[in-house]
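These notes are about the structure you will find just below.
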Amino acid sequence: MLEDRGAAFGLEGRGKRTREFALSETLLKRSDPRTLSEAIMKKLGVFICHCGVNIAGTVDVKSVAGKMGEVKDVSHSADYIYMCSEPGQQLIRDAIREKGLEGVVVACCSPSMHENTFRKAVKSEGMNPYLCEIANIREQCSWVHQKEKQKATEKAEEIILATLKKVRENEKLEAISVSINRSVLVIGGGIAGMTAALDLAEGGYEVILLEKEQALGGHMTQLSKTFPDLHPALPDLFTKAKGIEMHPGIDLHCYSEMEEVKGYVGNFELTIRKKATYVDWEKCNGCGLCIRDCPVEYVSQFERGLGVRKAIDLLYPKSVPDKPVVHRVHCRYFIDGSCRKCEEVCPEKAIRFNQEDERIGKKVGAIVVATGFDLYPREKLGEYGYGEIPDVIDGLTLERMLSVDGPTKGKIIRPSDGKVPKEMVFIQCVASRDPDRYMPYCSRICCMYTAKQAKIYKEQVPDGQPYIFYMDIRSDGKGYEEFLQKTIEEKGLLYLRGRVSRIFQDNGTVRVLGVDTLTGNMVEVAADMVVLATAVVPSDGVKDLAAKLRATVDRHGFLTEAHIKLYPVESSTKGIYLAGCGQSPKDISDTVSQASATASKIQALLSTDQLLQDPLIAFVDEHICSGCGICVEICPYEAREMDSRRGISVVHSALCQGCGACIGACPNFACELRNSSSIQTLRMMDTFV
Amino acid sequence: MEALTNMEKANKTFLEEVSKRSGEKLSLCYQCLKCTAGCPTAPNMEFRPNSIIRMIQMGKKQEVLGSSAIWFCVYCQTCGTRCPNEIHIGVLMDALREMAMEEGVHAKEKNIHLFHEAFIQSVRRGGRAHEVTMLMEYILRSRDLMKGSLIPGVKLFLKGKFPLLPSFVKGKGEIKRIFEKCKK
Amino acid sequence: MDYLYFPGCTLYTKAKNFDQTARDCSHLLGFELKELPNWTCCGATFPLTTDNIMALLPPSRILAKAREEGTTLTTLCAICFNVIKRTNRLIQNDGEKREKINNFIEMNYQGDLRILHYLEILKQEIGFPQIKERVKKPLAGLKAAAYYGCMLLRPFDEMGFDDKESPTLFEEFLEAMGAESVDFPYKIECCGSFQSVGSPEVATECSYKILGSAIKNGAEVVVSTCPMCTFNIDHKQSDIKEKYLGFKPIPVLYFTQLLGMAMGLDYQSLGFEQNFVDPLPLLKEKGFI
Amino acid sequence: MKNNGRFIKRAMVIGGGIAGISASIDIGNAGYEVVLVEKLPSIGGRMLQLSETFPTLDCAQCTLTPKTVETGQHPHIKLLTYSEVDEVKGKAGDFTVRVRRKAAYVDWEKCNGCGLCQEKCPSKKPSEFDRAMGLGKAIYTLSPQAVPNKPVINPSNCRYFLEKKCRVCEKVCPVGAIDYEQQDRFVEEKVGAIIAAVGFDLMPKETFGEYGYGVIPDVIDGLAFERLNSASGPTTGEIKRPSDGNIPKEVVFIQCTGSRDPERYMPYCSRVCCMYTAKHARLYKHKVHDGQAYIFYMDIRSTGKGYEEFIQQGMEEEGILYLRGRVSRIFRDDGKIVVWGVDTLTGKKVEISADMVVLATAIQPQGEAKGLAQKLGINTDDYGFFTEAERKLRPVETNIEGIYIAGCAQGPKDIADAVAHANASASKVQGLFAKH
């Protein structure tokens, strides 16, 4: 919604002042509005928090309180051990009631902690919450000056005085209420996305589920059995997937990607690109004849190179949805216009070689990003002969082998010659915990899936010997330690503590050179097969997606949460939530709870149809704005737009985050920030210089 | 550098054999080192108790049976009392000593196991351990009369702690029989 | 009442004083030690390996013979106690082994003996308060360190003698006799056992640590329950002196010797001459003799 | 309100720790009414005892109090603190829960939280909240920021209850809120769904004989160290050892005390110790620059986001010495605490004489967990952790519809995981309510 807030607040005087401020200090002094504000002097209150010893240990709060009491428009000044505590807040309420305060400064910790608390408190006494300001004398004073008490005390005084100056000119503001769209977009159809989508749909919200592959399930569809109970992965997953396919509340878009996101919390506008499948999924009955007759076979990514697939094929057998896709790069028709076998055999005439990508516009109120993970790319891993030696594979590849519906029907065999490996080496922390060369972080799941794989291997090849090179065994989930110990005891896994230095091929065997730090001995294993637990990394394109969503990622490309402990599923951008391995590596059960957590946050967010937003945002003095449009360029939140009719720039109140970029950029000082006007800022600075 | 696997193949049995004999779940050991940390004789062992278990897991039969460590254990059971996986290394060591004797592996500290044998001999003769005969036996076997261990004997003797003639038990025939029986 | 008594080899040789004083004290405390006829060596180590039946036989034979004589068996030597008690427990709980053993020793024993250490008799049957009453010469002002060693305490679940990490029974006993018990961390550490023969330096080291710790904590005398330990920590003191200059020898007594003294026995009957480090000067200085 | 009379769309959350609070706020924000039951006089749970939290090292109270305050002020959340669930009847959509409101001996209606009573109370006893290192009054609130800020009298410390004299609090109370005659009361709450988030406890100190725990005053547990390090703790944040108040120069931290110890204590991994021990060591180094911190560990388990990096920093920048292996024995020898371990590098025995030892003792369920589980009819494992419906895909559901679990009551978790787990359970409740 566009609106011109310029006129909403009578701004002529302010506009004049701004211009003068622009002209020169002297001019400013002549028409100093301070005289004005003194004429209608506010009664102010100052409340100083000890924060236990956090502040009082360094700052002499008593004397500060005394000094503040002497400031002439301060009619109440008090200190207390914990202002945020119930009695602390009561002090403030009482003072407002008894002294009829018109402005309040609470000197305490950072506003990010308790600004909300105190604004609520003053509001309950009928004061406009935006007449209450926080003077941060903890993070910005007592904590950083613990050695210099005297100076710290002076600094605290100045900070408070400055904040008083601000409060004097604060205006009463009302929160901006925005109507919101109560449907949700979930990006990613893995276990995280599926869980979030189902929870939300169960909660009665419209859900749009986006999956870039042609079917649901994500990496979990590639797994054989899952730790610690060794349940087969697929059955439960299929029930969930079917549930999603059937659910009236879920609008499923497979083989689709997010093209563009506009808008803000409560009102996101999306453009989804449905990639051309060259099959009319409406018509297709999933009979599979096309697949049977397609003459083109090529190496399957899904099978991690162990199996082949057709040019028209499902992602995996019995996939949900069970509709095939023609893969343009491999399809003969697309290469040389020949073949068309599939078209011929299709009983439903569902093949559409002329199909085009389709763009769909949607509106949602919130977005869940569940983009999942990939394994560290083979190309970049310049060691362990990974990629050159066929019998050196990664964990996911072994999972495919172990899957009964996989390329080897669940049999563990060497890719090179199909022999059953008798000496099996597993190597953990490949590219994880390797700060200088690869990833510094721990991939969290490798210890457990390696133990699981070794167990299954031992069950399949009783006379085989699994060796596991590890650094620390990290089985820290419920039942994990027990699983591990039991497996070691029963299956006689041999754990070797230490990294492998080198792997090379030597007449038919893969020689592994390592060390066992527990004995300090060098060890050499002539292995038949080596399985690398390669690092978990964010899946491709997350960075681009994050950019589109204005969400932030860390240096490895994992999406960053608002607060690691208290807001683990909220992103740095309002209305955008994070679930699953896109945020950091985790196992299935942690992923599932995190996904449900996002659903919970969103249900709370969307439970009302109006959303209240902080009004501390930019506004434009339309008398000054020359419509140069620099602000529109510079605004990182697309909150500024030109009002072509009036030739000025206006503020999109719901989008504006009050970052102040436009204020700095505006060549003729037409932009100001509510309750942080240039004048206020200038006055505050006066206190310090 | 030793090739692990080949040895491993041959001696996978070693871990199993030792486990069976000692009745200890050796594969459970996750090398927390609590045993070594509390062991009174560890400083004198060339392999620490935890290493012994590790070596068994790695199938290093010769090194283990040949090591003095297994003869140094005095079975104070401090380790077993505190082991999180309740592996009684004392028990383990006893099993290893037996195996060493059977295999005729020569311990670096051969004297120690000679002492054990000397003790048995003495009991076999008289039904009761008798220090003098025992010491003589031991010294004869260990062939080093100069060894300090003779001195304690002499001192005790001077102190009147050793009766010159061993006291015999009536049932000693019976004891002999028992020993014989066990030989079979 | 009477208790069957298994002295064990060492108490007939090295540790006569231990044996004698124990017998004398029992008279004064009103119970008899009935020595087993034709007892043999207990084997000195409890067989630890699963298939080693042989080492089980000597103690089993002792137990079987004892059962013919009575119901409660006591010993003094901590090692014998350990071996006998554990064998008894094994026979009690392991039917298979029981059978095997019985047909080896050609007897039939079901493991129904009560095995008590002499100290346990004093605590459970007589009672420390009662002993306190009967003490004629309280050992007032004697700073005594109780040394448990390994065999009484471990393995805990089989011996169940006292708390496995911080036992107190022995101290209570010393205090009952009016002595001042000295707590010291090494009271549960190992003395080096039979290494004193094989590699004396080990035992010397262990003993030095034990005595050193006791002395540091103010002990004037160390009290022992085990001839093996006593052999090491008493006898080794000459070696310790050679190795650690400035080490002051400290008397090591069997608890029964102290008991006897407190019960008013003539000190000449307490076999102090067999103690390696002569305790008499100390005892004189304390005015006990 | 979304209430259709038949299916009661009102939830009860049992346990007012960070998990319970997070769940309550979520459900409350979604517009449903929540009854939050806490056995202690005020909410906040274990997190209130912590000093700083890993891996960001921000102060626990600072991150927690906004949440507790929000909970206290929340229009949809009804607090029943100092209360325990007594009986549960009914099924999803129609539970009747009988709650015992323990006698506080203070009329909370009257009490204005002025704090005079606590100030004047003459009886000082070791406070459980400070792990018996500081003294607490017989009439107390858990912290100055307590929500709600109402005191209770602990009869076992109160002179009046012990020897029928004193009554000081009664005299000083300006509003006459003290009521020595108060009895436990029972209230019934009708709810449609229940979340059990009763949190965790640490293994009792007496358990660890070989570590002299409970015998040697300077052998403390992780929570005790948190209190020592906390600005609101007994030493106002200075690292002083309990025995003599001296600043310890050599501190030994021992992980896996009681955890991963299948034959003797708990077979499972307590999940948080590796990280909080690393945090302890770092905080210690921040305050005692010339001190040395040793950490005995078995495997370093830093699996969370930013955790590995956190440990690395500790090793590189703070020079914390990690020794791989368990400690065999700890005992006191003239003034020093002797620690017997093994130096991993040489494999030789080491003897560290330390000034203080901190044991990362195993996390175990609250004592009442099993009893509560029976009342609710949900399953627990052998240790008393609540059992989830399915380990991976249904981690917050239980065997009973309408009853969910959150936080460490289900298994050891760090704060981040506990919060997410709690939000998840809240989501399930909202889903359940929306369906009817």
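Lettered A, B, C and D in written order, each chain numbered from 1.
Here is the rule we use: a contact is a pair of C-beta atoms (placed from the backbone, for glycine too) under 8 Å apart; a residue touches a chain by one contact, two chains touch by 3 or more.
On a predicted model such as this, the values are computed, not experimentally measured, just so you know.
Between the chain pairs C-D and A-B, more C-beta pairs are in contact across A-B. For the pair subunit C and subunit D, the distance between mean C-alpha positions equals 48 Å.
If you average the Cα atoms of subunit A and of subunit B, the two centres end up 62 Å apart.
Chain centres here are Cα means. That of subunit A falls 29 Å from that of subunit D. The centroid of the Cα atoms in subunit A and the matching centroid in subunit C are 69 Å apart.
The residues of subunit A that reach two or more other chains are 473, 485, listed in rising order. Along subunit D, residues 210, 260, 262, 329, 347 each make contact with two or more other chains.
Across the assembly, subunit B contributes residues 30-31, 43, 50-51, 78, 81 that each touch 2 or more other chains.
Taken together, the chains touch in the following pairs: A-B, A-D, B-C, B-D, C-D. Of all the residues in subunit C, the ones that touch subunit B in their complex are 9-10, 12-16, 38-41, 43-45, 47-54, 57-58, 61, 104-105, 150, 154-156, 164, 189-190, 192-202, 205-206, 231, 235, 238, 273-274, 276.
Remark: subunit A residues 423, 465, 467, 473, 485, 488-489, 492, 494-495, 497, 516, 518-519, 521-527 touch subunit B in the complex. Listed in rising order, the residues of subunit A touching subunit D in the complex are 52-54, 57, 81-82, 84-87, 90, 109, 113-114, 116-117, 120, 191, 195, 199, 202-204, 226, 228-229, 231, 236, 240, 433, 435, 440-442, 444, 472-482, 485, 520, 558, 563-566, 568-569, 583-584, 587-590, 592-601, 603-605, 607-608. Those residues of subunit D whose C-beta lies close enough to touch subunit A in the complex are 26-27, 29-31, 53, 55-56, 59, 62-63, 65-67, 69-70, 72-73, 113-115, 144-149, 231-232, 236-237, 260, 262, 267-269, 271, 274, 299-309, 312, 347, 385, 390-396, 410-412, 415-417, 419-428, 430-431, 434-435. Those residues of subunit B lying in contact with subunit C across their complex are 20-23, 40-41, 43-44, 71-72, 74-78, 80-81, 88, 90-91, 93-95, 98, 109, 111-112, 115, 119, 123, 127-131, 135, 138, 148-149, 152, 155-156, 159-163, 167, 169-172, 174-175, 178-179, 181-182.
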